[in-house]
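See the structures that follow.
Look for subunit A in each of the two complexes below; its partner is subunit B in the first and subunit C in the second.
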Partner chain A sequence: MDAMTPQVWLQLGPLGLTETVFVSGALTVLLVGVGAVGARIRAVREAYEVLYEMVEGMLQEMVTVDATPLVPLILTQWLFILSANLVGLLPVIASPTRDLSLTAALAIVSFGAGHVYGFRAQGMAYLKHYIEPNPIMLPFNIVGEASRTLALALRLFGNMVSGEIVGGIVVSLAGLLLPIPLMALDVLTSVVQAYIFGVLTLVFTASAMQVAVKKTVPETPTPAGSPT
Partner chain B sequence: MMTPHDWISIVSIVTAGFAVAVGSIAPAIGEARALTQAMDAIARQPDAANSISRTLFVGMAMVESTAIYALVIALVLLFANPLLP
Partner chain C sequence: MQIDPVTFAFELINFLVLAFLLQRLVYRPVAASIAERRKEITETRAAAAEKLALVDKRAEELATRDRELDALRETIFAEATAAAATERAKLIAEARADADAERKRVQAMLAAEREAALGWVREVTVEKGVEVAGRMLLELVPDAAHDALVRRLFDVLAAHPELREQARPDETVHVDATFARMPTKEQSQALKQLLEASVGSTVRVTITEDERLGAGATVRVRDRVFDASVAGQLEILRDDARHQLAREHA
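Then we have the complex of A and B:
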């Protein structure tokens, strides 16, 4: 049982294209297709708009900064990770998120988004958060950013691969029907992990943008005697 | 006669078991405490249940990643052991 490395489906010289590439590519085409075709049909487009506004309101409730520019990113991550997690329930196809390469790529997107939105919100002053509260903290801040990204990748990977391994072991021990409750648990894990990945991206990105908001908003005078 | 590779396999398997067993104790306790606190808070303030459970989910995922690290170490020892050919 080789749980850690995905199957190579197509070998192009030294480059092996794994199952992950094909399945996640197919999912991308499917999601874009559903979106593009649906947007041309009036009723479906209106349904999309209602759902989009609902998600926008939900995200706005969670953060204090303006969440409008973040909605497309978070919604894309939710949809892609959710479908990638759930496609593993189909026979033959393994979920692409049990490949560490894919989850690492997703985590890097989330890491990059934090920096892009941080720079966009406040320009070069964004880099200042690395030396806050004190220049001595620079290495700790860098390690903090890196470990946060690593944790994003490993969390999704670990949850998906552990579900798959437990399912595989139970199938090999007990046969056909017993893994079904475990698969139901897997559905729950898939949904929760997709939700958490999106929410963590939102929280990290919003915290990168927050510094700017704090500086532009004029400081309200604190009432005398109140603890700060 | 045990070859060095046999010993490495044995030690890896035992260590992988211990890594998961010991590494999941602390996150389990932490998550249980977070859950009891959250239920307490919801019982006191049912209006805030939505935001409390959302924060609880995110926080639990953060706590759980410690256990996931232990699991990943165990998986590396079992399936991608750097010491074995």
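Then we have the complex of A and C:
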């Protein structure tokens, strides 16, 4: 398990900056740099536009509320988590998403986004959903929100850590070439996990925005493509 | 498998910074471009819709015009048909009138032709009848006929004493006498005496022979001609027959 614990690369007094901090920081710089430079190149910018519209349309098909303001958040989560997952395939560098601190931070972002967009959609009336269908359900609703956020963090963390562990075991037992198929599987897992994280954030946030609508619409359809 | 507060805080800030920077540097310009393009598309669609509406309106106008032209064409066709029927009836009537007139003209022409043919037949009949009668007379009783006609000439001359009224005492009247056969001396003497008695003057008779008379003789005294020849009688017979046939035909 020590191998799974991120190493501290820089100690600044009481603050120890781990490998996760540096790798995720580098990924941030890389994503911002590629995005900013690409947006200035006409052909790449047009490709961005096509990709952005495609993502926007895909997200809009999943929810019944207006998904346009959620696109930047979900797209950023996908790009960051996917790059963080895939960077672990490189030699020496460990995937930052195997660090529960990072996945917890991302889950907190999703939790906060749900509340921010919920308040933005209906103001203080948003808090009523904690005491629905009656005030007795308040603790259960709070536990539900917390467990949902915790599940987000643990799902991503568990999937990525398990992949790292299995890969390390296979390498130690069978040599260097055999893990290549497992790496291909890791690529698929990385894409799927990034997709699931973003979609769950979308569904939670959209459901928070949709509370007010539930009062007028008797039955809210299940968002298409949302994971169960 | 612990949550490091430093790492957690850094990752939280890191992600928010990443989202902020991507929003400022990438998403906003891209979304603005998309919005601009959608706006252009919307405006283009609106313009296209306006043009389409204009085209529909124009098409409707053309359809209305087409219907009006169809109605006008139907009207013109009906009027032309009626005019053609009228003209055809008129032409047919004119053709019938022309045909009737032509038929009448042809019938008149045929009647005239028939009349002419009948006239020719009558003429031939008369001519041949007279010719046959004269021939029969001359062949059956040539001498008796000649003598009878001469006697009749004498009777006629004797029955015209008015010739004497024009006589002058010292005048010699020239008389031309034509016989089918030369008369005998007695007949010539008797003729001269008869003429002198009738005319009341001296008579100088010139006698000639003309076989074309068939039988009998003719005498010319001044401006009067006494004809007692077969040819003359046949001519009289011919004229009588012609007049008789003409009266019967009429």
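Following the convention adopted for this analysis, the second predicted complex is superposed on the first by the 210 of 228 C-alpha atoms of A that agree within 3 Å, B and C clash if a C-alpha of one lies under 4 Å from a C-alpha of the other, contacts with A are read in each partner's own complex, and residues count from 1 in each chain.
The working rule: a contact is a pair of C-beta atoms (placed from the backbone, for glycine too) under 8 Å apart; a residue touches a chain by one contact, two chains touch by 3 or more.
Every value quoted in this text rests on a predicted model; they were computed, and no experiment measured them.
Participant: For A:Val203, is the partner it touches subunit B (first), subunit C (second), both, or none of the two (neither)?
Facilitator: first
Participant: In the overlay, work out which of subunit B or subunit C sits against more residues of subunit A.
Facilitator: Touching more residues of subunit A than the other partner does is C.
Participant: Scan A:Met62 for contacts with subunit B and subunit C and give back first, second, both or neither.
Facilitator: Once the two structures are laid over each other on A, A:Met62 reaches subunit B alone.
Participant: Scan A:Tyr130 for contacts with subunit B and subunit C and give back first, second, both or neither.
Facilitator: neither
Participant: On the A-aligned overlay, A:Asn159 touches which partner chain: subunit B = first, subunit C = second, or both, or neither?
Facilitator: first
Participant: Tell me the contact category for A:Phe119 with respect to subunit B and subunit C: first, second, both or neither.
Facilitator: neither
Participant: For subunit A, what residues appear in both contact lists, the one with subunit B and the one with subunit C?
Facilitator: Of subunit A, residues 1, 4-5 contact subunit B in one complex and subunit C in the other.
Participant: Residue numbers of subunit A touching subunit B in their complex, please.
Facilitator: Per the stated touch rule, the residues are 1-5, 61-62, 151, 154-155, 157-159, 161-162, 165, 192-193, 195-196, 199-200, 203.
Participant: Per the contact definition, I'd like the list of subunit C residues that touch subunit A in the complex.
Facilitator: So the residues of subunit C touching subunit A come out as 1-4, 6-12, 14-19, 21-23, 25-27, 29-31, 33-34, 37.
Participant: Taking the complex as given, what residues does subunit B use to touch subunit A?
Facilitator: Those residues of subunit B that touch subunit A are 51, 54, 57-58, 61-62, 64-65, 68-69, 71-72, 75-76, 79-80.
Participant: Touching residues of subunit A toward subunit C in the complex: what are they?
Facilitator: Its residues touching subunit C are 1, 4-6, 15-18, 20-21, 24-25, 28, 31-32, 35-36, 38-39, 45, 48-49, 52-53, 71-73, 75-76, 79-80, 96, 99-102, 104-106, 108-109.
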